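You will see chain A twice below: alongside chain B first, and alongside chain C after that.
Take a look at the complex of A and B:
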C-alpha cells in the first residue's frame, strides 16, 4: 500500500512514530510496575544473593567467606546419599503425579459429564474445602491417622486383621506418598476439570458414529483436547513436590525424607552456602522440566479451541 | 406403508418405543424407509424426532420394539458397528483436527489404507465444494462450511443411511435455502438414503421423497409431500403443514352423493373416497387448502362444492391476494395467485360483496371431528 493513500488513515512519519510509540509503551507499562518491583525486590535480588552464596564458602565457625569456588556443587554430586535422595524425590513426585491424575481424571470426567451444574459446584467446593485448614494441621491429622496408635491401626487391630499396630503406614515412603496424593489431588482435579468443562461431549458420539470404539474415541478425540489440563495438572503436582518438606518431616520418619528436608537441615545447620548450591541444583532441574512440559503445551492447543 | 418397491428396507422400525422414566418419547412407532429415499421426520418440538434418530444411530437403547438396518436387527449393536452415519445438529467437528483430518477420521477407524483414505477425502471434499479449505481448522470456517465438513465426514464412510438432525437449523435463511438445494443435489448424486429431521414444513415439502409427520411420540401420517399436503389424515397434520380451511359439519347422505351439511345452513359435496370409518353419518371436519378455493360473483356449472357468503377481507400479499369470505360454514380463506390477466385490482373490488366460493370436491378432505386420527397414511 503506498503511503499517504491509506484509505483516509493518518500516516505518521516514521521518526515521530517511533518516539510516540516509545512514550505510549512507557505509559502502557505502568500496570506492570507494582508486580515488576515486587518481582525484582523479593525474587531477583534474593536470587542474586543466593547465586553468590552458592559460590562462596562457609568456615567451620559458620562465617561466610567470599572464596569463589564450585565446591558446594561438587559436594552434592560427590555424596551418594544426596544424589540418591534427589532421585528418590523425582520418583516420589512422579508416583504422586501419576496417582493424582489417575484419581482426578475419572473424577473430573464423571463430574462434568453426568452431574448437573449445580451439584458440580457443590462437589468442587467440597474438593477445595481442605484448603481452608492449614497444611500443617492436615499433616498432623494424617500422623494421627497413620501412626502406631492411630485410627487406622486401631481399626485393623480392632477387627483382627493384625495382632499389633503396624508401622507400615508411617515413617516411610508409602505414608509420604499417600499423604502427598491426598494433598495434591485437588490441584490435579481442578486443572483437569477446567479443561474438561469446555469439552463438547457430542464429539464422542460423533467419533463412535464414525466407527471409533469408546476407548478409541477417548484416545483420539478427548485426550488431545484436554492435554493442556493434564499438563497443567502435572506442573501443579510434580514441581511443588520437589520442594515438599513438611509432609516427609511429619510422616516420613528417616526413610521417607525428600530432598527439601536435606536443604532445611543445611539451613538449620547454618550451612548457607551448601544450601544455596542445593537449591540451585533443584531450580535448574525445575527449569529443565518446565521447558520439557512446555514443549507439550503448545499455544495452539489453547487457541484452537476458542 | 406406501411401499415403493419390494426388497430390503434401509431402515425399519417395528413398534419402537422409548421411555425416559415416566415420559414416553417414542410410542410404538412403525416405519419403513426404502433405500435411496430422502426421508423427512417432521413435527413440533418435543415430538420425538431426535429420539428416533438417536435410536437409529445407536446412541440410546430402545425400551421396546425392534430396529432393523438393511434387514438386520441391530437393537443391541453399538454405534461404531452400525452402517449409518450422522450429521449432528451442532456438527460436532473435531476442533483439534484440520478439515481433511476430520473427513479422514472415519476412514482411519475403518482401517482404510493411506492411499484410499486420501482419495476418498479428496472425493468427498470435492463433493461438498471444500477442497480449497482442506488444511483449515474448523474454527476458521463459517457455519455453512462447517456444515459441509460434517456432511463430507459422514458421507465419506459410504454408509447405508445418513442421519441428519436439523442440519440447517443454525444457518440464516438465505444460506438455509442454498443448502437445501445443495443437500438435494448431493443426495441425488451419492444415492445414499437420507433421514432428515426438521420442524420446518417447507423444508420437508421441498426436499423429501417421503415425510413422516410426528406428534407426541407417534407417527401421525407418512407419505409423499403431495399426499401429506393434499390428503392430511387429520386436523393436526393439515394445520401443521401449510394453511387450511377447517369447516365443521355433519356428514349426510343426500340421495346419491354424500355431502357435509353445516349448522348454519348450506352443504357441499365431499370427495367420493372417504377415510375408513367415515362411511356413516356423524360430526366431521372438512379441510380444503386456500389455494384450491376459487372466488367469484357466480359459481360455475358442474360438480363443485359451493358456498355463498360476504367478503370480509382482501389482503394484497405481493405474489398472491388473500380473500376471506364469511359463509354459513364459517370463514373461508382463498388464496389467488397473480398472473398476467388476473389482476389483484379486480379482487379488491370484491370487499363487502356477496360472492360464491367453490372448489373441486376431490381437493378437499373429510375427517371425523373428535378423533385425533393416527392412521398411517392410508386413505380408503
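Take a look at the complex of A and C:
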C-alpha cells in the first residue's frame, strides 16, 4: 500500500488501486515537469535532430539531403587522424582528471580536517573566485603567462634556469594540460570537499585503535565512503574535457588540438551532417562513460562489509 | 523579511517554485520577441542587422537613431559560413546581413536575399563606378548588395628575422621559419593559400589531385605554424611580441603592429596572386523591416562616416568620395598604401567564396592538423 505524505496508509479499493497509484505518482512527479521539459526541449530533441542529420549527407552546394547513409560514421572510423585525435582527447581528459584529483583530494582533506569552518568558507570562496571571470579571459591570461615573453619564462630566465624563453609551456600538449588542470581544479575540489565534509573522522581513529595503519584506515575506511565525491569529481572533469575547444585553440598551437577543434571545422565549412555524426560519437561515448561512472556512485557500507 | 521567515508547506513551496519557473520561461520568451515598428509616413523603427563589428561606428548609429529614428539591433557575424547558416534558419528575423564576394550570389541563389537597384540611392553616386558593376553581384533582377569594403590577404614579415625579402607563398614553407608563422584558424582559407603556393588556379574548386597537392604543402607548413590565430588581434599580438616572424593577414597589419608597440613589419602580395574579400550589405528577402533599410543605407554610407571608418579600421572601402575626405584630412599616404585609390585591384584577387571543394579542404586541414 502506498504510504501517504504523513507516513500513514491510503486505503483504496483494489479495482481503483492502479489508477490511484498512477494519480499519486503524477502528483508527486509534477515538480519535475519544468526540468523534464527543459531536458526534453534542450537536450533530447536536439540530440534526436543531430542523430537524424548524422545519417543524411551534405551536397557540394551545402544542402542537406535526406539520403540515409552511414558514410559520415564510416568516414570517422576509416580516417586514422580522427580516431587518433579522439584517443588523444581521452588520454588528455584522463591526465587532467588524475592531476586534478591528485591536487584536489589533499587540498579538500586538509581543509575539512584542519581548518576552522570560518576559514574553510574563505578558502572555498578563493577556489570559486576564478569563476567570476570568463573562461575566455582566463585562457587568454594563461597565454600571457606561458608565452615566450610571459611571466613564467621571465622568471625562469631571471633566476638563470633557462638561457632563453622556453616553448615547452605553450602551443603544445603540456600547455593544454596545465591550463585544463587549472580550469577544472575547482570542480574537483568542490565535489571532493562536499563528500569529505560529511565524513566522520573519528572512524579513522577507531580504525587505528583497532590496529589499522594510517594508510590502511584511509584506504579501507575513508576512500569507500568518499567514493561518490571522487566519482563526481571524475564526471565533472573528464566528461567536459571531451568537448574542450577553447583551451586547445588558444594555447595548443598546432600540436595540442583535441577532437572538438576538428569537429568545429566542419561547422565552419557548413558540413553539418559530418559534424553531427562526429558529435554523436562523442555523445555516445559520454553516455557509456556516465553509465560506467554511475555504477560506482553508491556509497560502500564499510560497516556491513564482511 | 517576515515573509522569508514564514514556514512553507511542501505544497506551497512547489507552487511558488513552479510559478517562478513559468515566469522565467515567459520572460525569456518575451525577451526573444522582436518589436515590429508600425507603419508611418516616414519609416522609423529598429531593424536587425548581422554584420562584422568594423562595418559601423557607435557614433554613426547613435546619430542615425537621433536624426532619422532608425535604430539597429546588431548581431555579431563570425564568418560567412556562420552567417549563411544562421540566415537559412532564421530568415525574416534578420533584415540585413553582410557577406563576402562569392558568398553574396550564393545567398541569392538560395533565395535568401533581394536583388535591387542600388542606384536608387543617392549615396551610391559616391561609390567608385567599378563597385556598382561587379559581374558576380549583377543579376537581371538587380544588384545583390551595397558594396562596402575589401582587402587582399597579404603576407606580413619582420625584416629583422626574415631575409632575403620574400615575394612568394613559398616563404611560409621554408624550414628555417619553424614555429615562427601565424596564420588564421580558417581551414578553407589556409588550404587555399597552399593551393596558391602550388599554382592551382581555383583554390575553392579543386580536384582530388589538386587537393592532394595542397595537402602536401600543408604538411610542410604545419611545423612552421606557431599557432592558428582565432582573430586578427592574435596575429598582431604575435608580431608585436616577435613570437611570430611571418603572418598571413589583412591590410593594415603593419600599422596595427606599430600601434601596439611592435617592430616594423612589411606586407606584400605574393607573386602567385592572392585570395581576397570584398563585402556588401545584403537585404534579406523575408526581412520584416525592409522599409528601413534604404533610408538607413542612405545615411550610414555617407562619405564622412566611411572616411571615419577607414581611419578607425584601416582597409580600403568602396566610397570614392570618402577617399577625397581622407586626402583632405592628411590620410592620403595611408589610404594609398592600403590601395584605397585602386579598387580595380579587387579584380586581380581570387575572391573568397563557397566552392565545390570546401568539404575536401576541411578534410585535408583536419587530417594534417589532427593527431
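FYI, the second predicted complex is superposed on the first by the 272 of 306 C-alpha atoms of A that agree within 3 Å, B and C clash if a C-alpha of one lies under 4 Å from a C-alpha of the other, contacts with A are read in each partner's own complex, and residues count from 1 in each chain.
We take it that a residue touches a chain if its C-beta (ideal position, glycine included) is under 8 Å from a C-beta of that chain, and two chains touch if they have at least 3 such contacts.
On a predicted model such as this, the values are computed, not experimentally measured, just so you know.
**Student:** After lining both complexes up on chain A, report clash or fit for chain B versus chain C.
**Tutor:** fit
**Student:** Thinking of the overlay built on chain A, is A:225 touched by chain B (first), by chain C (second), by both, or by neither?
**Tutor:** In the superposition, A:225 contacts chain B only.
**Student:** Per the contact definition in the header, classify A:250: touching chain B only (first), chain C only (second), both, or neither.
**Tutor:** second
**Student:** Who touches more of chain A, chain B or chain C?
**Tutor:** Per-residue touch count on chain A favours C.
**Student:** Thinking of the overlay built on chain A, is A:85 touched by chain B (first), by chain C (second), by both, or by neither?
**Tutor:** In the superposition, A:85 touches chain C alone.
**Student:** Once both structures sit on top of one another, what is the angle chain B-chain A-chain C taken between CA centres, to the nearest 10 degrees?
**Tutor:** Result: 150 degrees, to the nearest ten.
**Student:** What is the contact status of A:203 with respect to chain B (first) and chain C (second): first, second, both, or neither?
**Tutor:** It touches chain B, and chain C stays clear.
**Student:** Which partner does A:195 reach: the first (chain B), the second (chain C), both, or neither?
**Tutor:** A:195: touches no partner chain.
**Student:** Touching A:211, do we find chain B (first), chain C (second), both, or neither?
**Tutor:** First partner only, chain B.
**Student:** Superposed on chain A, how close does chain B come to chain C by Cα atoms? Whole Å, please.
**Tutor:** Least C-alpha distance: 27 Å.
**Student:** On chain A, what residues does chain B touch that chain C touches as well?
**Tutor:** none
**Student:** Which residues of chain A touch chain B in the complex?
**Tutor:** These residues of chain A touch chain B: 200, 202-203, 205-214, 216, 220-221, 224-225, 301, 304-306.
**Student:** Touching chain A in the complex: which residues of chain B?
**Tutor:** 57-59, 78-80, 84-86, 88, 90, 92-96, 105-106, 109-110, 137, 139, 153-154, 157
**Student:** Which residues of chain C touch chain A once you look at their complex with the stated criterion?
**Tutor:** 10, 14, 17-18, 21-22, 25, 79, 81-82, 84-85, 179, 185-188, 222-223, 225-228, 230, 241, 243, 354, 356, 358-359, 361-363, 365-367, 369-371
**Student:** If we count contacts the way the header does, which residues on chain A are in touch with chain C in the complex?
**Tutor:** Listed in rising order, the residues are 5, 30-31, 33-34, 58, 60, 62, 79, 81-82, 84-85, 87-88, 147-149, 167, 171, 249-250, 253-254, 257, 261-262, 265-272, 274.
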